[in-house]
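The two complexes that follow have subunit A in common; it is paired with subunit B in the first and with subunit C in the second.
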Partner chain A sequence: MIALTVRQSAAPIVRRIGAMLLTLWFVLTLTFVLTFAIPTDPARAVAGPKATQEQLETIRLSLRLDEPMAVQYVRYLASAAVLDLGYSHSQRRPVSDILLERLPYTALLAVSAIMFQLIVGGALGLWAAVRSGGLFDKVVFVGALVVVALPQFWVGLVLLFVFGFKLGWFPLGGASLPEGLVLPALTLGLAGVAWTSRIVRATASEALASNIVLGLRGRGIAPRRIVLKHVVRLAAGPILSVLALDLGLLLGGAVLVEAVFGWPGMGNTAFQALQQKDLPLIMGSVIVGSIFVLVINALLDTARVYLDPRTR
Partner chain B sequence: MPRLFRPDIMVGCVIVGAFALCAVAPGLLAPHDPLQSLPDGLTAAGAPRPPGDGGFILGTDALGRDLLSRVIYGARVAVLMAVVPNLIALMVATLIALTAGYGRGWLEAVLMRMTESFLVLPLFLIAMAVIATFGSSTTTVVLTLAFVTWSYPARVLHGEVRRLATSLHVEAARSLGAGVMRITLRHILPHLTPLLVVYFTMNAAYMVMLEAGLAFLGFGVQPPTPSWGLMLADARDQFFRPWLIIVPGVSLALLCIGFSLFGNAAEQNSPFHGRRVML
Partner chain C sequence: MTKPDTLGVQSVAPILVVEGLRTFLTPDRGGVTIPLVERFDLSVDPGERWAIVGESGSGKSIAARSIMCLVDPPLSSTADRIEIGGLDLTDASRAAWRNVRGQRIAMILQDPLTALSPVFTVGNQLVETIRRRPVSVHDARDRSLDLLRQVGIPDPALRLNAYPHELSGGMRQRIAIALALACEPQVLIADEPTTALDVTVQAQILELLVTLSEKTGTAVVMITHDIGILPEFAHKVAVMYGGRLVETGTVSQVLNTPLHPYTQALLRARPGRSSSAERRRLPVIGGAPPDLFRMQRGCPFAPRCEAALSTCSEIKPERAMIDGRRVACHLVTSSMGTAG
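What follows is the complex of A and B.
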């Protein structure tokens, strides 16, 4: 009996991990194919423009570029499994070292942006739902429509101009903490605030009209408590699944935002790697970025189950 | 009957229409050649002219080129990116959704797993990697944008195809002896039109932003083609000349708002309203 329950609750986790591994395999295959399709010769990229033919041959042998594609593919997957993502020739260090060093910066930026979007967007959406049809509701609706349409990196540039250059409240770039984090996190989270407020507005007004709320009211529970405890819980599920879906988008936005603010995260690393045609570093960034998204995705799913007991 | 003459639709119409006109006939509207450094384009000190100065309505850039003309010509790239990759992505998505949703079985499992894997990827990074690999010609950029955006609509369309596949009218067609091709093309595909319209308009804004973002980092169209993303890239450290940041940025934002207004209205007027198409 106990064994049965364990298996039942374990099955989704196993499936979940299976899906994650499948996605990872997909990413690895894609990056492998891209590496092969790139018109620049990897040996030439390592050796530089002045290398002789013999030197190129030696490098080709040491990189094992002479082996058949299938063998290289298997070796690629095997080394990726132990997080060996190759060697960055522009920075002369292993790719995984560079990315592990940069990952915390991106994670900090992404998490700050997510907190900002959940707290501010959630509060706006909740308030709009409570005052449904009122002036505040309308202002939030129009505001969200406009903010969603603003290109993120441009918002970053404008914020940098106003608060960094004109007012001088924040640094013009770099990773000085905590003041250097404020503008990039605001920029990255702003579109999310708009989305969150719209979705929370929809789910919260649905929840407010539901029998659950009616029952709570009937039991004489204070409206403030109903909204802050029960409606928040009911509205949290959908917003977390949207957040999980949009993580890839958030990371993409992070690349641009990091470039605008000179934030030393993975996005900036990938951008620099691309400019220097540093293939292993580019592909490594794509792979680590995907792992990052997959892991946070799994965490958000756990949070959703915790918040809404119905999905347990 | 949905109301078409609502203020938001009218505003969206005017904005998108104006930019579409710029894209189709920039030569008629632009006062100058967007690529030419004009002899009076710079001040005596060699600095770009601010808006209104010397007859340049929106000012000039660091090379003395007329900003208004560049914004008008830049609409070409923006509108192209809003339409072409968008159509390609939706065609691919529809094809996959129809095959998976009506084909069922292992084919459906494989296609939808693939779609879902794709959905969670950091697609912007992948777009950068693909463009770095194949070069940044306009064709590559168009195909890359389609490549990174088909998965989302594919998933939603797939759900809709599955719903339609069990609906009464499909059952009726099947009992009359209609084959798979006839049912998918005549009885399911037409019902996807509203959803496709909603996605096309919503995605349009996203495509414009995506391309501008790529161009901003140097992975979009290349100079000297006038493009808003490229103009912003040129202006990124020109804080003492704010109009260089404001003019292309506002054009970008305006076009996106125009498409969003359309998308919103399309969603509200479609049978999918309230079913959270975007989830």
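What follows is the complex of A and C.
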């Protein structure tokens, strides 16, 4: 009986990990194929524009670019499996060393932005639903439309100008903690606040009009408790699903935001790698970014399953 | 013994008094206010079981919710008098109503599948409701077990940790009943509590409601469109049509000698117990229920009434007391007048 339960509950996890590995393999393959599609000669990128033909040939051999594509592919997968992502010629260090050093910064920025959008957007949406049709609801609605339409780099620059340059409340860049984190996290999460407020407004309104809430009111449960316990819990599942879908977008935004604020995360690294045509570092950033998205996704899914017992 | 008058025939004070209840629909912008329930009166004695019957759209559910002051914009309701357990709630504040709901008057909703929160355990929802009163978590858990036992749920300790979706429809309705009874209300309003259930389960739930009301002395007001359950369930019945009560009385009075033409037509339209040999077309009430969005004069049933008089489409009939029951019909009152 116990063994049976374990097997039953283990199956989804196994499936989940399988799906993650499959996605990862897909990302690795796509990244590999793209290096052949882009018009950059890896050897030329390493050697620089002044290299002679002989030097290029030597580098090609040392990078084993002369081998058949299939062999390169297998070797590439094998080294990726042991987290060997190659050597960055622009920074003269192994790619995995660079990225492991940068990853915590991006993770911190992304998690802060997610928290910001969930807490602020959730609170705005919830209150708009409670005061549905009122002034607050209308202000949040219009505000969300405006905020979603603002380009992220522009928001970042304006925040920098106002709160960093004019008011001097926050540093103009860099990774000083915690004050250096505030503006980048606000910039990255602002659009998310807008759409989170819209989605929570919709799901919370639906919950408020439901029989569940009618029943609670019929039993005399206090309105505050109804909203903060029941409506919040009912609205939490859907917003996490949407958040999981939009993680990639968030990470894409992180590249811009990190560049604007000089935040030493993976996005900034990827941005510099692109400028330097540092192919291994670009590939590594994409791969580690994908792993990051996959892991957060799995965490969000777990949270969602925990929040809604029907999905267990 | 000191007061001889208490020894005589004494009528019990009603546990629920509703007089002149009106509910309106006020459209968002620039609309006429539409009355959905008009002049609704009800006087329920302790332990008494009432059924409010009527077809869809007759306003019975809205009336029931209005009794508990549970209507939201665009609906609004007022009453000349609402009293529950001797407490005057006619002009009560929201906070006062919140205190009354659950504790003096509780409600069971039609669909048990959507009335319980899917994300909390049965125990969580029961404890939450019980702990509206100052009760420790531990005592509330004990009381939850008691309640589940009372509503006939096997293995209550196990069910306490179950989520609603893990239980059958009948079980869920039993839990909804347990939730309604959690704070020992004196009046229970049940809005079609069996409509969403299987026929066999329907009978069980009705039986449970009867047993509970007899054991705890809780009065029950049940909204239903099923006249067939009246004899086993209710002491008294109120028939609604077009937002108004057309006839109220004891079940035997109303079923055996219906006075109002609508009640008569409703009883005729029941699927017969006639043998298959003489099976005829089911009698129906001709016409359609009144369009509440159109202002109307006279009796709402007049357009469909076979015995309508000329006054019926002109003047709304007042309710009159006849043999201890109330009927709102010109036909009945005029024949009374000629007889008397």
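Throughout what follows, the second predicted complex is superposed on the first by the 305 of 312 C-alpha atoms of A that agree within 3 Å, B and C clash if a C-alpha of one lies under 4 Å from a C-alpha of the other, contacts with A are read in each partner's own complex, and residues count from 1 in each chain.
Keep in mind that, in the parts below, a contact is a pair of C-beta atoms (placed from the backbone, for glycine too) under 8 Å apart; a residue touches a chain by one contact, two chains touch by 3 or more.
Note that the coordinates shown come from a computational prediction; the quantities given were computed from them, not determined experimentally.
Student: Which holds for A:A149: it touches subunit B only (first), subunit C only (second), both, or neither?
Tutor: The first partner, subunit B, only.
Student: Would you sort A:G252 into first (subunit B), second (subunit C), both or neither based on which partner it touches?
Tutor: After superposing on A, A:G252 lies in contact with subunit B but is clear of subunit C.
Student: For A:A222, using the defined touch cut-off, is the partner it touches subunit B, subunit C, both, or neither? Pick first, second, both or neither.
Tutor: It touches subunit C, and subunit B stays clear.
Student: Touching A:Q275, do we find subunit B (first), subunit C (second), both, or neither?
Tutor: first
Student: Subunit A residues in contact: does subunit B have more, or subunit C?
Tutor: Higher number of touched subunit A residues: B.
Student: Quick one: classify A:I212 as touching subunit B (first), subunit C (second), both or neither.
Tutor: Only subunit C; A:I212 stays clear of subunit B.
Student: Now for A:S285: first (subunit B), second (subunit C), both, or neither, which partner does it touch?
Tutor: The answer is first: A:S285 touches subunit B but not subunit C.
Student: State whether A:T23 touches subunit B only (first), subunit C only (second), both chains, or neither.
Tutor: first
Student: Taking the contacts subunit A makes with subunit B in one complex and with subunit C in the other, which residues are shared?
Tutor: none
Student: Tell me, which parts of subunit B touch subunit A in their complex?
Tutor: 113-114, 116-126, 128-130, 132-135, 205, 209, 212-213, 216-219, 232, 235-236, 239, 242, 245-246, 249, 252-253, 256-257, 259-261, 264, 276, 278-279
Student: Please name which positions on subunit C make contact with subunit A in the complex.
Tutor: For this pair, the touching residues of subunit C are 68, 70, 98-103, 106-107, 109, 111, 114-120, 128-129, 132, 163, 165, 176, 179-180, 182-183.
Student: Considering only the defined contacts, which subunit A positions touch subunit B in the complex?
Tutor: 19, 22-23, 26-27, 30-31, 34, 37-39, 145-146, 148-154, 157-158, 160-161, 165, 199, 202, 238, 241-242, 244-245, 247-249, 251-253, 255-256, 259-260, 267, 270-271, 274-275, 277, 282-283, 285-286, 289-290, 292-294, 297
Student: Which part of subunit A faces subunit C closely enough to touch in the complex?
Tutor: My answer: residues 210-212, 214-223, 225, 229-230, 233-234, 237, 307-310.
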